Amino acid sequence: MNGFFGMPRHHALLTVGILVFLVVAPTFIYPVFLMKVLCFALFACAFNLLLGYVGLLSFGHAMFFGGAAYITAHSAKVWGWPFELAILAGMATAAALGLIVGILAIRRQGIYFAMITLALAQMQYFLALQAKFTGGEDGIQKVPRGYLFGVIDLNNDLSLYAVVAVIFVAAFLLIYRIVHSPFGQVLKAIRENEPRATSLGYKADHYKLIAFVLSATLVGLAGSVKSIVFQLASLTDVHWTMSGEAVLMTLVGGLGTIFGPIAGAAVIISMENYLAQLGPWVTVVQGVIFVICVLAFRRGIVGELARLLRKSL
Amino acid sequence: MADFILETEGLTKEFRGFVAVNGVSLKIRRGAIHALIGPNGAGKTTCFNLLTKFLDPTRGTIRYNGRDISGAKPADIARMGLVRSFQISAVFPHLSVLENVRVALQRRRGSSFDFWRSERTLDAFNDRARELIDWVGLADFVDTTAVEMPYGRKRALEIATTLALEPELMLLDEPTAGMGHEDVGRIAALIKRVAAGRTVLMVEHNLSVVSDLSNAITVLARGEILAEGDYATVSKNPEVIQAYMGAGHG
Amino acid sequence: AQTNVKIGILSDMSSLYTDLAGAGSVLAARMAVDDFGAAAKGLKVDFVSADHQNKPDVGSNVVRQWIDVDKVDVIVDVPNSGVSLAVNGVVKEKNKVFLVSGAATSALTGPACSPNTIHWTYDTWALANGTGSAIVKTGGDTWFFLTADYAFGQQLEADTSAVINKMGGKIVGSVRHPLNSNDFSSFLLQAQSSKAKIIGLANAGGDTVNSIKQAAEFGIVRGGQNLAGLLVFLTDVHALGLDAAQGLIMTSAFYWDQNDATRAFAKRFAAGNKGIHPTMVHAGVYSAVTHYLKAVSALKNAADGKAVVDKMKATPTDDALFGKGEVRKDGRKIHDMYLFEVKKPSESKAPWDYYKLRATIPAAQAFRPLADGKCPLVGG
Amino acid sequence: MAEPMLSVKGLNAWYGESHILHGVDFDVRQGEVVTLLGRNGAGKTTTMKSIMGLVGRRSGSILFEAGETIGLPAYKIARLGIAFCPEERGIFASLDVAENLMLPPAIGEGGMTVETIFELFPNLRERLSSQGTKLSGGEQQMLAIGRILRTGARLLLLDEPTEGLAPVIVQQIGHTIHRLKKEGFTILLVEQNFRFAATVADRHYVMEHGRIVDEIANDALAANMEKLHEYLGV
Amino acid sequence: MHEIFGIPPQALFGQLLLGLINGSFYATLSLGLAIIFGLLNIINFTHGAQYMMGAFVAWMLLNWLGLNYWAALVIAPVLVGAFGVLIERTMLRHLYKLDHLYGLLLTFGLALIIQGVFRNYFGSSGLPYRIPDALRGGTDLGFMFMPNYRGWVIAVSLVVCLVTWFVIEKTKLGAYLRAATENPPLVQAFGINVPRMVTLTYGFGVALAAFSGVLAAPIYQVSPQMGADLIIVVFAVVVIGGMGSIMGAILTGFGLGVIEGLTKVFYPEASATVIFVVMAIVLLVKPAGLFGRVR
């Protein structure tokens, strides 16, 4: 079992569990909902790469999510680019944005880092609001889903689901690998004791920057896919509450756990979806859940589980 | 002419009008164990910070191996073989002892940017890491998380990690501070052992360690050099006795 | 046999538009079903409702799921232009019915018009036209706009400006403020120094309320300038109090105190809605659902959305709240609009007695001419 | 013999899950200087923190002047007349040196005047308006000791007060402890510098693995040197 | 007549003054937030909701008990502050040693609950609150018509800010507060009842928010979401000023009010964004904020 992607046994088991679930899920869960969960799970996992493993809290990740969503939507709708290219364009945008923001922000720490990323994200929000191509608060609507490799019709929810699931799994494994790579080891050392890492000759900023760009790119991937699935890119995607959502998912799932963000995304998105029917009490119920979460299940869903099993998850 | 690995010329550091280090010209002979001592607030730690570029000097130059490094960055300094330890213990607390040492080894071998590779590629460093760990007497602790070890052992680990970089010049800031007797002895022995083939500059208040280990001493007081020489010379200097050692020694 | 109908009310249940739509829209829809006597006519009607949180992606996701999983036949209300446009696309793709009451954007019957959508109550063009032309006619010929800086506000401003210019009035300036600005004093000061006779508020909700309130504080009206609210709901006036709102002129499709039928409706409605009286959005939901049920009970089938909408377009509308009217080819519901003025505190006799009628804008002139909308459905 | 001033019986303490002290027993009498010796991690600091009420969970009994303190919160314990100088010094970065020095409120009569403290530690006088944590390691130690001497607490808990100090200053502190003792203060001292401890203390307790394993009077020290070496691994 | 960037100087004075008035809301709010963050290590996301509660309590006092504005100015902060004390005692207390994030999540949840409950009870469009009679009307300053109420707001905010600053920076109590910010157990070991101090400080910070709420009630709509968007701006103010710096929070509050006011004249669309532009620039140039100290 140890052979699976170099994972320890319980990680491998869980990953296989997730794979099996992804295969059977569409038979009893609405596929569009599943896709939404996957997009946000990817968003949260990529965000967690930064928060959980570099110790940097970015409050501006909506920038990459929404930026990529806009570019993908625009290139697919207006320029008529095929699915793959549109997604790549979104990711490239996110990577470029990540590089710029990273260079500016990476020297700051803690709350200051969070605030500078928030500030830059708010500026981008302003640009998105003013720019013509983003369609203001109506967003870019009716984005064509197109065909994968020119043959597979993605307008069929199930085929699109299959593609999204594959993308998600691939990205998740990549994140897993990043965390458990020589690079990930250095990141860990930097998070633990930065002056010491520096005195050993590591240029801490370079490592953090690379991690930041990787995270931004993967978040961009999530945003791009989201815009295709919902055929929509809108201001919601670049608003600061979207960054907040990533934080929530990570916390609810379990900070610093590799599987936590997935669970967190599933919970938060389900909440958003099913509580929507609750009408006026939605936000109150949401609030109560957060409060209970912090007071009673501080480690998050997966974190608590990990504690019960005495394993890192 | 003597072979100096590190020379400073008129090194000065001011903090908002307060002069912490004032025109210090140090010469560290290659292969020596050089001790920097002096009363509290004399500027020893500040000197260290200047040498490793954690602080920028207000004035003065630093030459390492004949090269002017006054403009270099901390990480670059480390890459040139000038590695420091900290006054407060500096390990990676939630990594195991083995991982702590591997982090240092990994830096020397490159590959530390490989985010697509499995961390098992790092196992290649295990042998060398175990060797170093063994050497500082931590063989029984290889898989212990650093934070769980007693203080003295952490300092030993720190030295192992530093050695992994195969430094030419090691700077140790109060390596035995806060240590039990048992550990003081062990660390002193360790320093003696690792000093073979390299140069050590250390700040230390424990005079028995200083007298035991060092073959050159610089005494700082109020940011300036008060005296220089070997232990016997320095400890007889009345100014040093008055400012630092007190009546009990000498 | 029995025909099953499932109505999904998608509204803002937890934020800005809750009072003017929200739970009240659900109530209005239920009342429409009861009043129609659906059960007796062989219709089995179910409801679902949800909060779109003013997020287009949440809204479109809910609607997709409603249609695919819950077999919802018709989506109702959807205040918030962005969300309504997103829903518009999904409903068309799935061939169901979309009855818009809460959203303002005239794009729904313009470039984005759809054979599955009917825009029921009002739109930006109707508001701009009603208020703009009425005020210019009474001498308010120089305008300064306070515009919420997003598509809806900009469109309101543009539509109103067009009317004013056409009627010989003049726009002397405008300022675009961010959505949800708390403080309008700076903008009001700019409006004041422009010396325009009319300050047009091309914004909505809290922004409108705060602009009006602060205008009173800075003595704008006392200084001789007048405010025109381009999108003001009854609930906004209630929130402001007559003290601050008096004299405000606005266009509306409905007021509860128009005739016996509307009063009776309002009484029943308020009893079930924490005393909040019906806004035009609520009335629109009632009216739209009524007409929809008529069409479905005639067709005895709700599955084919386009067929139902065609039937609705073919049948003249007639209900207690909006009277007689029709649904145009582009999906625009046509009815009279009214110009109201907010009463002085001394004129108000009872709680919620807020408006007096200034003019009735006949249905034929109230809405954008069919030809001007650029709706693809109209072309042939 | 009089009642002990401080009497610790069966003290247990935990950090979270880990059980650190396993039944510590010892007494300190009025006017005495008593040291706790022991290797790193033996539990000396934990004992002090337990007395001060700074450890999350503890059980057993700590009598101060015959009153039970085990259930009290830290601030009430302090107000009984106990002051604590922590090993990590605890200088406040957001306060300047003068504010740091003046921070602890007086809790008893007969505290040192600021002037006396400056005589003891002349470095401090020059740096009064500096930010507290900008002082050198040793200067911070002086400040940490100085500020509790002001409070007039009758029982002083000093955790490794000589760590990182130059020999001259260590001697100064030795003199100070003698003087405090003469003035009737009681001191519990944790020291690694055993040679220093011998010059100031009346009695020594040796700790190992969270227990007191031995008690040695200062005048019996020479006789017990071998044992002590074994305990401390000197 | 001379013009400055196309604006007559009088108009510009007017705008500056208005900016200052808005700044006084930022200043009092960020002051409370800064104090709470400093001592409790918690980013009080309920701050906006508590500000809103202040306004609503004033409304309730007036409409249900017939107590006027002046009474509300005292009673509302006390009541809301007491509510804050309750929250601190029952919930926040368990979070101090944890990462900021948990406090943020908890207070965010509380804000959602409070806002939701108020919305369900009072509706979303808000309630009217009249300017107290003594402060109605306005004064012609020559360059602008200044409503008396606004003049009162700026004066009383200034006083409150300065008194608070003095207490924290210049008194013994303030030194305890600052020290407890860094190392609560140690301050406790000096004989100071830190938990009580923390509770009261939170209560005070919350009361400041409620006080702003009462001040705001006659100008802005008393509505459940009146504080929702404010919190992020106010937090930005605290960061720009330098976290932990009381004077920083105050000066930045007023300063940003003015900058925002000017933006409303020259580029109104960006007036909600300008604060973030300032924040980005400040943090790039001065990493710890304008008045912050790097620790």
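So that you can tell them apart, the chains are marked A, B, C, D and E in the order they are listed, and the count of residues begins at 1 in each.
Keep this in mind: contacts are C-beta pairs under 8 Å (C-beta built on N, C-alpha and C of every residue); 3 or more make two chains touch, one makes a residue touch a chain.
None of the values given here were measured: they were computed from a predicted structure.
The chains other than subunit D, linked only through touching, hold together as one piece.
Common neighbours of subunit B and subunit E under the contact definition above: A, D. Distance between Cα centroids is largest for the pairing of subunit B with C. Ranking every chain by how far its Cα centroid lies from the centroid of subunit A, the top place goes to D. Look at where the CA atoms of subunit B average out and do the same for subunit D: the two points lie 30 Å apart. Subunit D and subunit E have CA centres that are 44 Å apart. For the pair subunit B and subunit C, the distance between C-alpha centroids works out to 75 Å.
Subunit A has residues 280, 282-283 in contact with two or more other chains. Annotation for subunit C: residues 14, 18, 22, 149 touch two or more other chains. Here the chains touching each other pair up as A-B, A-C, A-E, B-D, C-E, D-E. Chain contact summary for the complex, subunit B toward subunit A: residues 52, 54, 73-76, 78-79, 83-84, 86, 90-95, 99, 102-104, 106-107, 111-122, 161-162, 165. Residues of subunit E touching subunit A in their complex: 43, 91, 94-95, 98-102, 104-106, 108-117, 119-120, 232, 235-236, 239, 243, 269-270, 272-273, 276-277, 279-280, 283-284, 287-289. Residues 14-20, 22, 149, 175-183, 185-187, 189-190, 193, 205-206, 209-210, 213-214, 217-219, 223, 233, 235-236, 238-241, 243-244, 274, 276 of subunit C are the ones that touch subunit E when the two sit in their complex. On subunit E, the positions that touch subunit C within their shared complex are 8, 11, 14-15, 18-19, 21-22, 116, 119, 123-128, 130-131, 138, 144-145, 147, 149-150, 219-221, 223, 225-226, 229-230, 261, 264-265, 268-273. Of all the residues in subunit B, the ones that touch subunit D in their complex are 15, 18, 38-46, 87, 150-152, 174, 177-183, 185, 205, 207, 242-249.
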